[in-house]
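Heads up: the structure comes next, in structure tokens.
Note that the chains are named A, B, C and D in the order they appear, and that numbering of residues resets to 1 at the start of each chain.
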Amino acid sequence: MIEPGLYHMLFLSAALFFIGVYGFFTRRNLVTMLMSIELILNSVNLNFIAFNKYLWYDKLDGLFFTIFIIAIAAAEAAVAIAIIINLYRSHKSIDVENAEELKY
Amino acid sequence: MPNATLILLIILLPLAGFVMLGIYGRKYFQNTSGIIGTTLMLISTVLALYTAYGYFFEYVKVDGVYQPLVPLKYTWLQFSDGVSIDMGIIIDPISVMMLVVVTFISLMVHIYSLGYMKGDERFPTYYAFLGLFTFSMLGLVISSNIFQIYIFWELVGVSSFLLIGYYYDKPSAVAACKKAFIVTRFADVGFLIGILILSFYSRTLDFNTLIERLTSAESTEFKSAVAASFMGISALTWGLVLVFIGGAGKSAMFPLHIWLPDAMEGPTPVSALIHAATMVVAGVFLVARLFPVFAISAPNALSLVGYVGAISALIAAIIACTQTDIKRVLAYSTMSQIGYMMFALGVSKYGGEDGLGYTASMFHLFTHAMFKALLFLGAGAVIHYIHSNEMKDMGGLRKYLPITHITFLIACLAIAGVPPFAGFFSKEEILLAAYQNNTAVYWIALITSGLTAFYMFRLYFGIFWNKEAHAHGEHKNEGGFAMMIPLVLLAVGASAAGFIPFGHFVSSDRTRLETEFHLMFSIAPVALGLAGIFIAMWMYKKQNDRPDKLAASLNGLYKSAYHKFYIDEIYIFITRKIIFNLIGKPAAWFDKNVVDGLMNATGNSTKDISETIKGFQSGKVQSYAIYFLVSIIGLALLFIYIWK
Amino acid sequence: MNLSLLILLPLLTAIIILLMRNAAQVKWVALAGAALQFVLAFVLLFTFREQRADGNTAQMLFETTYNWFPSWGISFHLGVDGISVAMILLTAFVVIAGVLVSWNVTKMTKEFFFLLILLSLGAYGFFISLDLFILFFFLEIAVIPKYLLIGIWGSGKKEYSANKLALMLMGGSALVLVGMLGIYFSGAERSFDLMKLSQLNISYQTQMICFPLLFVGFGVFTALFPFHTWVPDGHSSAPTAGSMFLAGISMKLGGYGCLRVATYLMPEGAQEYATIIIVLSVIAILYGAFATMMQKDLKYINAYSSVSHCGFVLLGIGMLTKTSMTGAVMQMVSHGLMTALFFAVIGMIYERTHTRQVSEMGGLLKRMPFIISILFIVGLCSLGLPGLSGFVAEMTVFVGSWEHPDTFSRVATILACLSIVVTAVYILRAVTKTAMGPLTTGFENLSDATWNEKLAALILVAGIIAIGIAPFWLNDLIRPGAEIIMQKISIPK
Amino acid sequence: MNDFLTLMKPELVLTGIIFLLLFVKLGKGIKNEPLLLIIQVLLLLNFLSGFFFNEEGTLFDGMYLTTNMIVLQKNILNLSVYLISLLFAGWFKKSEHMPEFFMLMLSALLGMFFLISSGNLLMFFLALELATIPVAAMANFDLDKKRSSEAAMKMILSSAFSSGILLFGISLVYGATGSISFAEIPLLLYGTPLEILALVFLFGAFAFKLSIVPFHLWTADVYEGAPMATTSFLSVVSKGAVAFVFMATLYKVFQPMETVWYNMLMILSIATMIIGNLFALRQQNIKRFLAFSSIAQVGFIMVGISSSHPVEGVTSVVYFILIYIFSNLAAFGVAAAIASQTNKEEIDDYKGLYKTNPFLSWVLALALFSLAGIPPTAGFFGKLFLLTAGASKGSYLFITITALNMIISLYYYLRVIRSVFMEKNEKPIEKIKIEPSAKLALIICGAAIVLIGLLSWIYDYIQSLI
């Protein structure tokens, strides 16, 4: 059983990032898209923590950053949800493809 | 020393007339304008005569040579050091002679028009234009600077344009004036380029300096001008030839003569003044002005002048035999006579006895002015009476127009070269000169003189004898004194002018040239002339079918001559078909479709592009994100791997 | 005198016009303003000649400099030499005539005159500015008024023409801008000041890049082939005064720019590209002339002939001799007056006959002797009749061009000379058809010119004749300037 | 403590206003009109106070820093918000949620203030989010309009995505340098691939906010869907703020990697100008039209930024943005005045506008000419200085393309002018009665457009602050 190193972490976070991106690109449901964004943010969190642990263990910036990211993510989600609800009110659906009136 | 202000007055009085009558004529001088114009003209004529007298008799010659004087010179437009257009006055035998001729004929025409143009609604305009023309012509003859002569050259052109188009509601007149202007303009381009060449090499525009520089074999200018050559011909020759082309255009030399017959659309007095006596000889005058350069430095150019003159003389004479419009006949005869003057210059040499041709040419110019003006004015009287130019409407008019008849006859005799009338003397000298220098030209000249006699008397008999006379309604008189006085005066001139010892005053090197009279030599031409006269009498004195027979017998020649050898048609083909269709139309099309098309195409293609790429803005937030990520990665790859 | 008056006066006029209540007031204010400009221009002329007579040989007179964006090396630097004075005179003539002929504009009168005056402001500013930046500033100021004038008061396919004009001119000024920046950064010290730039000589490479940019850029304004296509459409759909300003003033901006900026600052570039310029200008001259021959519409005829005539300007510049350069400026002045007058006359005829098709007119001389006499005068001027301005200018260009001994320029000059025949052809076709021949039915009771039209025409005619009869004063005015521009250029003899 | 008050003055005032609004809302005491007036006055005061007793300095050990230039930038933003509050007074008074709207807008502004004076990536990130999220909510403010909510949705989702990207970039920076303070990072940057990657990610995030092609796609949709006030806020205030900070970041933080981002700027600015212009060509809706035109404008701003000259570059960009704010607000103001009464947003509806509304037409014309860069409007000077600054790097091709783009842009601006002034219309927009405050704002904008260019001391003042 080997100790996971920086590169494992980075790989993991990258994977997480791209999973999130993939979800964001493919999912039709707005809420799911929001969730995939959370994935992206979490991958970033992982990055920060990893860097902090393996490279700059004498600093705390990464950790703080992570905390703030979580907080912001929450705020973002709150507003996003509010907007989605409003969208549902007007479009009677939370499918992203029903909201493509504005184009060209 | 002749007085500059006087000479200025000679020129400026007609201009004053033009300005005054042109601007205020219609308002204030509707009827008096004729008198005003004539008076001004009279004054300047007197002044001209006075000047001539002063120059020829009072002014002392320096060892027998008339000095060319420049009493006035003002720098008008400085190009570069040395090269400048100066407005100046040059006084030498030919310019003085021309002053006299122009003012005198112009005065005659002014007087004549008082009767001829009476009651015309644009009477003042007419006199204004006459004034403008006289001014320009006088300015031309006294020009001391080759560019100045070009300037007045253009001005006479435009005033002739205005006068030909005087009856502006007649489409034929409009066409004629356009044609006259454009053809001469075309020739003037040659003149202009000639000027440019000459001025470039002689580094001056002033006549005296230019002549002096280009005739002295050791001057640097001369050397450079001869050294530089194009197509094996020296730049100097090119320059002179081009200048001559300008002269040929104005003087209706073949093949640039086509405008002259049509120019007869103008009022007849105008034809008398411009298209017989004065403007059309401007070409001759120009060559005479530059004669030393021609004769000394570019004999080829001069011989070209000679041949062009001879050919024109002959062709014109042949055509004249077949025309039925009396003014056109006169026009062609004018062309033929100018041909005489030209080749007289052409066969002449510089200085002394060899300069006979020069003297003869100027002499003929002088006499021709008299009798040709007389002929035209006479014809005018006839037309005024008949209201037609066609010979077939005329005949037996001698009863109704006695004075006209006599004067016309005198003129005919003069031009036919019957002694002792003016034409005889001048023509003799020309033939003599030709005989001495160039036999080919001499024979052409001889034939032409015969033809001249023939067609002139064809005209004469056609008008005054031939078929029986029938009275014409309205006015019985010949148009009153106003029209008769000039006829008589000119008739006197036409009969007496020949006795002037012309060589004493005008000669190529301005020395005194004795022109003696060889009886033996002049038998041939006179005989030919008389023969022509008798043939004409035999054919046209009584109404008969001989002319038609003759015409039928030499059918081809007659037809082609009648159609003026189809030269007009050729020109029309060139302009209409080639220039308009092959250059003008394509140019316009090219501009509209290609150049402009390109400009519009750029605009439209931009629009099209923007239409085609609108798909990126699909409205799908997810595809936006995809573009986002893709371009991020693209940029990263670009800058990490490619563009370091 | 203080040159900024030339800018302040139109500015003031424009502002007052905006404050006016009714059309009549607007007209009179505009006329007064134009008249003042006229007077001012002459005052300038006389003071200038006085100064020169007093032996003031400074290159630029009445120089004034105000600080403006010093951090960019921009200064509001004004000054005139003979060339500018000539152009200013031209502008003054055209402006007053333009105001007069548009006396009975009824649609949005206030805006119309406002824009006219604004246009004149641009022109004056352009001609007196000695700083590339403000030169450019005024150059572009003049564009939008033209656009609006054509688009609002125009006729025919006006929107299209207006757009085309604005875009092509903007394209031109875009090139100018780039070239300008090129010069700006080339020198040792960054400066837009013409006088400074002319001192520090610009590197050869920069000249090779910037000269064509600047020349073509300005060339677009003065109908450099093949960028002339805005000319016919623009002129023909503009209102009378608009066409007068366009052809009379605005096309001259380009020529002046080519001279004052491109050639003056970059003599080497000029010499390198001279051949191309000459070729293009000769093409413009002949091809414009032949294209004109095919036109049916009077305005198109004059527009295309402007292309041909402005070709002479470019030819004069391209030939790079003192005389030809002088001739180019003379041609600018003469063509400005002449073409403005031509458009004015066309406008007068159009107002009466309501057609511009030559084929639909005839014998108008009977009904409107004054207008048609003016038409004759302007026609004759355009075909280069001595005694009128056109002749002087063209001859100067020819003589100047002929100073080159090499065959190429010879051929070019001869071709250019040939154009005067073609000019005669199309001018006479148009003029005789319109004026002479039997009177077209329906035109029996047309009236002759009104006082304002007469005044306008006479002012311009006076200018034309003044130059035509006494060219020496204009020559003396222009030549020194031309010599200074030429001083860095040597012609191979 | 004392310098805390002085240095953070603008932020504190804003916070004060926000809290005031909050209390008002809770107490639901005051009507819209007086409240709006109070807000306007306070904003104006905040703006004016920006000119007095400023100090330069840093707080929270370098997390927050302020200089005179930064204060000026804040002032410009503040001013534009003030103008917005004037311009859309009519709309505000009608809507019952005005206090919320202002709360959001002001907090966004607050975010931008912090953004501008952030000295640290964490601060920067927080400020950016604070500046973005409320705007998304603002975009949704036409609660009953479908388009509005769609716009908000697109805004929030794509901005969330972009902040994800941004964070990833930041994490890479942190990983590469081990620091998140702007002061330290440049000392630790060497242009390694990883750092380039990080730069690209950050650049992308900025590009998204500035709507640089190809990160611009959300812009037009959001602008069109959002209420006019939000649109103008987006197009003016947030653009300005991000441009300022973008410039600062590139110049300060990524200074060692200048060549990389210069090339990046060059490519993208050309793309931005061309695409923006090409799309603007074919727009019918005035808001969408202005959206694309503003994208093209950003392309020009980037030209200025690319000069990377600490004095000329910064000054010309700030100067341009100042002008751009007035021009764009004037255009939006006119559009809003028309839309609020006639609900007409199509350019074709503007045909014959001049007949009925000369004032609006002239203001619109001024604004568009200024955007197109036609003298004597200020836009001419702004554009010219941007170009001059950009040209100092001596890339002729780049500058030529830019200059030629000015022609395309002129084409579509003239399209509007044409329909306003030239084209006939049987039933043009009727005479519109403009709110006095809106009229005041329009006059201010018009005057500014004319004067800012001609009064060169304004430029010198900006330069003096560096």
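Heads up, the rule we're going with is that contacts are C-beta pairs under 8 Å (C-beta built on N, C-alpha and C of every residue); 3 or more make two chains touch, one makes a residue touch a chain.
Keep in mind that this is a model prediction, so the values were computed, not measured.
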Pair joined by more contacting C-beta pairs (A-D or A-B): A-D
Identifier of the chain whose CA centre is least distant from the whole-structure CA centre: C
Rounded Å distance, chain A centre to chain D centre (Cα mean): 27
Gap in Å, rounded to a whole number, between the CA centres of chain B and chain A: 98
Where chain C and chain D are represented by their mean Cα positions, the distance between them in whole Å: 43
Inter-centroid spacing, chain C versus chain A (mean Cα positions, whole Å): 66
Interface hub residues of chain D, defined as touching at least two other chains: 153-154, 157, 161, 220-221, 411
Touching two or more other chains - residues of chain A: 24, 33, 96, 99-103
Chain C: positions in contact with at least two other chains: 167
Full enumeration of touching chain pairs: A-B, A-D, B-C, B-D, C-D
Residues of chain C defined as touching chain B within the complex: 164, 167-168, 225-226, 228-229, 232, 287, 290-291, 293-295, 304, 322-323, 363, 365-366, 369, 380, 383-387, 391-392, 395-396, 398-400, 402-403, 405, 413-414, 417-418, 420-421, 424-425, 428-429, 432, 435-439, 471-472, 475, 479
Contacting residues of chain D [partner chain A, same complex]: 121-122, 125-126, 129, 133-134, 136-137, 140, 143-147, 149-154, 156-157, 160-161, 163-164, 167-168, 170-172, 174-175, 178-180, 220-221, 224-225
Chain B partner contacts - residues on chain D that touch it in the complex: 153-154, 157-158, 161-162, 165, 193, 196-197, 200-201, 203-204, 208, 214-215, 217-218, 220-221, 260, 263-264, 275, 278-279, 281-282, 408, 411
Residue ranges of chain D touching chain C (in the complex, touch as defined): 312, 315, 369, 374-376, 380-381, 384-385, 387-388, 391-392, 394, 396, 399-400, 403-404, 406-407, 410-411, 414, 417-418, 421-423, 456, 459-460, 463
Contact set on chain B toward chain D in their complex: 603, 606-607, 609-611, 613-614, 616-617, 619, 621, 623-625, 627-629, 631-632, 635-636, 639-640, 643
